[in-house]
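Multiple structures follow.
Here come two complexes built around chain A, the first alongside chain B, the second alongside chain C.
On to the complex of A and B.
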């Protein structure tokens, strides 16, 4: 029988198919947990090549794992069953703004920050702003339905996708949705594929919605002496009639980690801070700022800083972006979660995290998109310490169950991938999970495209230890 | 073999199963085209009853057509193959606002206008505002993914659905999504089911997102001497950095129809009018109003009316809502379309509609959500006139093809239903349509739930004549 790697070299060119051990190692991990060595890496640059790879995969029965820049926090591109990683990051970047339609057409390799920059030339903006916007690809953002701080007011990646060009798991090229703002022609495959973690299709082009860029923005940083008050301040603001564009939370551990990593002038004695951004018309912002400051004071804020110019504001937001790299310095291993709860449950979730931290004696730092109920508890640990990792496993499980119990969800924006798959049935129930599996099976009968993600495999459970 | 109607009377109560001819006639039509007599009508009031009906349907192999108030413009609830209409309009109305979460939980029978009214008590709003908001049910809105004028700024029904409770085609009760703003746990069944026209599930409860109610609104009515300028004024406004909450278009025929039906003070000599609404902070609105008025003048507006109080503004919006009933008075039959194009193509689509009108000598009036590229060309005709209806069929087909050719879609907000099904493959291609069918088959192997919608049946084509 013909070797599938030779077949890939035949349908593409040999230099697009990497099989050296060093190359395969580079594609064996992402920003989550675990390492899996692929048998080959395929670098594709157009839709026809993607189609050829998938047709070969169905003929030779090898798995294919789409990958952008590998910044995924849930294991999306991990080649858990060997086979081929499909690297889309080498695709030429295409960003075609259509200002009259308020849309932009992009290649899967485009960086979200570049998309937004291109839009700004026309006074427009691409609203989703994941912290990784300068390093991750839009293809990965689409696969995982990435969020970001601005999600509070504007929504997440999915809310900005009008249409896709895709290659189906069986290697057929087709389009979903279109270029119009409204479209109810048949099932909404666009919104189904966005966030399906590369299990239903490979995205080869996307048409995204742009918005007029708000004429002004105003940042506000507020310190609190206790975490619960910060949580209550979030709820109070959101029911005051004001919808800030961002409402971010950092606990003391995050604040100190950032200050150690890159001093940014954050208040290191605060138990927690909120970083808030208002956007819109300058007069509206001025009025809203007053209301928000009043709410913060009523809830016992110890300090409020209103930056006087865009540079000062940028410094604060830069500090917020440093949280992830900063906390990664504290211990060798970082287990990053994004369990999400209804907005009113934010203070309660914060308390539960505190209790879990004490119960399992693990180091949990918390930051995130508090306005969305989307916190990022990060457990800092050392994966070589088997005893510690056992406690981490239990803590992670309890975080998931706490979020579900509060009416929340396993994942707000990072995706299920490998680590959260064992908990899917707790949230969705047998029927809900079965309906998802039916879809996957009907689209990908040979289970070629990104197997081992979202759905658990026989007996799979959360394991953070080497056994 | 046991009779399925007897089985329904057994699993429900006999009085919930209507079989009298007069009752069946009442459920044989909707607000679109065609009449189909069901064999029975089943009035359900809770999810367990829905589950029982669907389980019986799978056992006895009879089709089930979910129905709200029957206002559908695309044939969604029509019992095209006999069987049972599942009437959800008798379900007790439940509207449970959760102000701290900025959500509301509703029963399928709730009216969107009532949902918005309940939200307003907390200073919140339910943004989607289809013209039928006072008469249609949210269940129907969810099934069809209804739009409305406010869709321009806020999006359509789907954009406000966080979670659903559903009964699957096989009669299993389950939940999708949840109560959180962000959720990427598994496939997005919520957004797939919303807009699937009752073919994938029966919705028995929904959790909807609410927004803070804007502190102020300002209406503006602008007259134009030619249609093209009105179209250009829409494009120009949307690229000026301002996003109005509504931007509605009416041509002269609509204006005159409304004035004949219910005099409302519309300018009957205008070739077209735009009715615009700005919302937000009062100072921001005042500044935006100036910009919009300037744009309108530059594009040759002949008159601009800025109502001085909410009552005057309400009169203008009431006139806009009268278009549909008013034009229905002109001729016995109204074929209502909602083909949608990219925003920049609005002026071109208006010209094409004019050409189609002349070519087929049919009476087409046009109104709609111009800011979304979502026009409603309505063909006024008499279905008893076979020769005229032949011309109408050709005109409808040409409208669909024109929209697709301009990069648009068959339906922006009314759905595919029965009439547009024959054109699905033109827009989606064989593969796109096949991927949708695979889903339907995997969820509904016995093709029980709302068969004959979205997907064409063997040899089906657009027929508006009795043959």
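On to the complex of A and C.
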């Protein structure tokens, strides 16, 4: 029988198929947990190549794992069953802004930051702003339905997709959606594909919606003596008729970690801080700023800082960006979760996190996009310490269950992948999960695309330890 | 200790865990851009070193990805978790060096280069003199025409045209080993000449001393100084690097001087890293700490002294290509720009990606010629767009590489590459 790797070399060119051990190991990981060695890495540059890889996969029955830049925090591109990693990162970047339609047509390898930059030349913006926007590919963003701080006001990736060109798991090239804002023709396959984590199709082109770029922004930073008031401040602001573009939260552990790592002028005595950004017309922002400051005072904020110029504002946002590296100094391994709760439940979720932290004696710090209930509890640990990792597994499990119990969800923006798969049924119920599985089976009868993700396999549970 | 444990220690296996594989290093890595795969990215290399430490791949599997790394360290500036990539890289090189069976020819060439040429100022001087003789006698033209030099195995011929006209042996031998300012003495510095700088860019070294002197510094040139050891470290020859570091520490009398000044970004970087060469708590580790604290780039010292006035306008459009090791290891980036801003008439057009390596990287361009040229071509696209009369840089390797780049793009009639120091000398510096 013919070998499938030889077949790939035949349908593509041999140099597009990497089989050296060093190359295979270099595509065995992403930014989450676990390492799985693929048998080959295939670098594709157009839709026809994708189609021929998938046709071969159906003929020879090997799994195919689409991958952008491998910045995924939930294991999306991990080749858990070996087979081929389909590397889309080397596809030539294409960003075609159509200002009169307020749309942009992009290749899967385009970087979200570059898309936004191209849009800005026409006074437009591409709103989703995941923190990896300068590294990750739009293909990965679409597959995982990425969010970002601006999600609060503008929504997440799926809210900006008008149409897709895809290759189906069986290797057929087709389009979903279109170029228009309104479109109710048939099932919304576009929304089904976005966020399906590469299990239903390979995205080869996307038409995205752009918005006018707000003419001005205003940042403010507010300190609180207790976490509950910070939570209330979020709800109160959002019910006052104002929708900020960002409302970021940092707890005391994060604040202190940042100040230890690189002093940035954050208030180390505050229990929590909120960093808020308003955007829009300068006059509107000025009026909104007054209202927000008043709300913060009424709720007992200990300090409100309103930067006077863009440089000062940039310093505050820089401090927020320092959270990730700063907390990594506490312990080397970072288990980053993104369980999300209804906004009114933020204070309650914070209390549960505190209880979980004490119960399992793990180091948890919390920051994130408080405005949309998308907190990022990060557990800091050392993956070489098996005993500690067992406690971390229990803590993570309990965080998931707490979020679901409060009416929230397992994942706000990182995706399910491998780690959260065991909890899907708790959130969706038997029937809900079964309907999803049936869709997967009918789209991908040979289970070619990204098997081992979203749905659990026999006896699968959350494991963070290396055997 | 088992073999694997020893290997883990050598490659700094524990430090690979500091990498959270976020991928933020990918957009700044030149080899990831030109070689187009994770295997040639910082994150990929760190992972491979970890895999080697776990016995999942062989050291031989590491060889190609590690040797193709420029070591420009752009990834360390961008890294959000402060991974000590330099340590991991040099550990891996050491492991490869130790485990590798090299051909007799390769070993001999390396021995010659690392044990004879680079540590020896005499050799470098001799090379310079030989180059001078070669240039003056008209042999160069002949060699160029007949491709005589292209038979050389290390692609040396391709860099030959990038070497400046050489001073004669007499001029070299007349260099003073101590110069004093005409007016007020403001500090005493020792000048680290560097072997390539001194051998190939002797005039730039002379200019460096003069600028320091005019700024009010007494300059001493310790006679027993030797190669900084950067090239040895980068080739995984840590014991040679240690030896050279010790010889330098012995040559410089720290009591007498305020700073050890150099004008080669790569050498300066290595000397600031001398403490890494020795185990904590040892005598030489302590010495190295004292030594490295005094190491400064010429631009830093000139800015600190602030003793020069530039009297001649220089009507040139320039762009500035910083030395990677100066930016990412020494973390010196502002001073050269501050100096350039003091020169009247200069128009500075910044590069789009100044932190993208030019591909010189020690002897990378000699041993990995093709890869180096791909990186240089990316750099030259950026340079060409700025249409400068001159590219200014602060390291001999970069200087030669930029000259090669200018020639490759056929711009040698329109553009030149210059060391910052030489440009400053053209601007008529006088004491303030």
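Here, the second predicted complex is superposed on the first by the 461 of 467 C-alpha atoms of A that agree within 3 Å, B and C clash if a C-alpha of one lies under 4 Å from a C-alpha of the other, contacts with A are read in each partner's own complex, and residues count from 1 in each chain.
To be clear about the criterion, a contact is a pair of C-beta atoms (placed from the backbone, for glycine too) under 8 Å apart; a residue touches a chain by one contact, two chains touch by 3 or more.
Here the structure is a predicted model, which is why all the values come from computation and not from measurement.
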For the three-chain model obtained by superposing on chain A, do chain B and chain C clash or fit?
fit
Between chain B (first) and chain C (second), which does A:291 come into contact with in this model arrangement: first, second, both, or neither?
neither
For A:11 in the superposed arrangement: first (chain B), second (chain C), both or neither?
neither
Degrees between the directions from chain A toward chain B and toward chain C, using C-alpha centres, nearest 10:
140
Figure out whether A:401 sits in contact with chain B (first) or chain C (second), or with both, or with neither.
neither
Thinking of the overlay built on chain A, is A:280 touched by chain B (first), by chain C (second), by both, or by neither?
first
So in the superposed three-chain picture, is A:330 touching just chain B, just chain C, both, or none of them (first/second/both/neither)?
neither
Between chain B and chain C, whom does A:175 touch in the aligned arrangement: first, second, both, or neither?
first
On chain A, which partner touches more residues: chain B or chain C?
B
Return first, second, both or neither, reflecting whether A:156 touches chain B, chain C, both chains, or no partner chain.
first
Chain B versus chain C as contact partner of A:384, first or second or both or neither:
second
Which value in Å is the smallest Cα separation between chain B and chain C when the structures are fitted on chain A?
21
For chain A, give the residues common to its interface with chain B and its interface with chain C.
none
Can you tell me which positions in chain C touch chain A when the two form their complex?
17-18, 20-24, 26-27, 36-39, 41, 44, 47-48, 51, 56-57, 61-62, 64-65, 80-82
Which positions of chain B touch chain A when the two form their complex?
98-103, 122-123, 144-145, 147, 151-152, 155-156, 158-159, 168, 172-176, 178-189, 191-192, 194-196, 200, 211-213, 215, 235, 238-243, 280-281, 283-284, 287-288, 340-344, 369, 372-374, 407-416, 420, 424, 427-429, 431-433, 435-436, 438-443, 454
Touching residues of chain A toward chain C in the complex: what are they?
18, 20-23, 25-31, 41, 43, 69-71, 87, 90, 132, 134-136, 324-325, 328-329, 332-334, 382-384
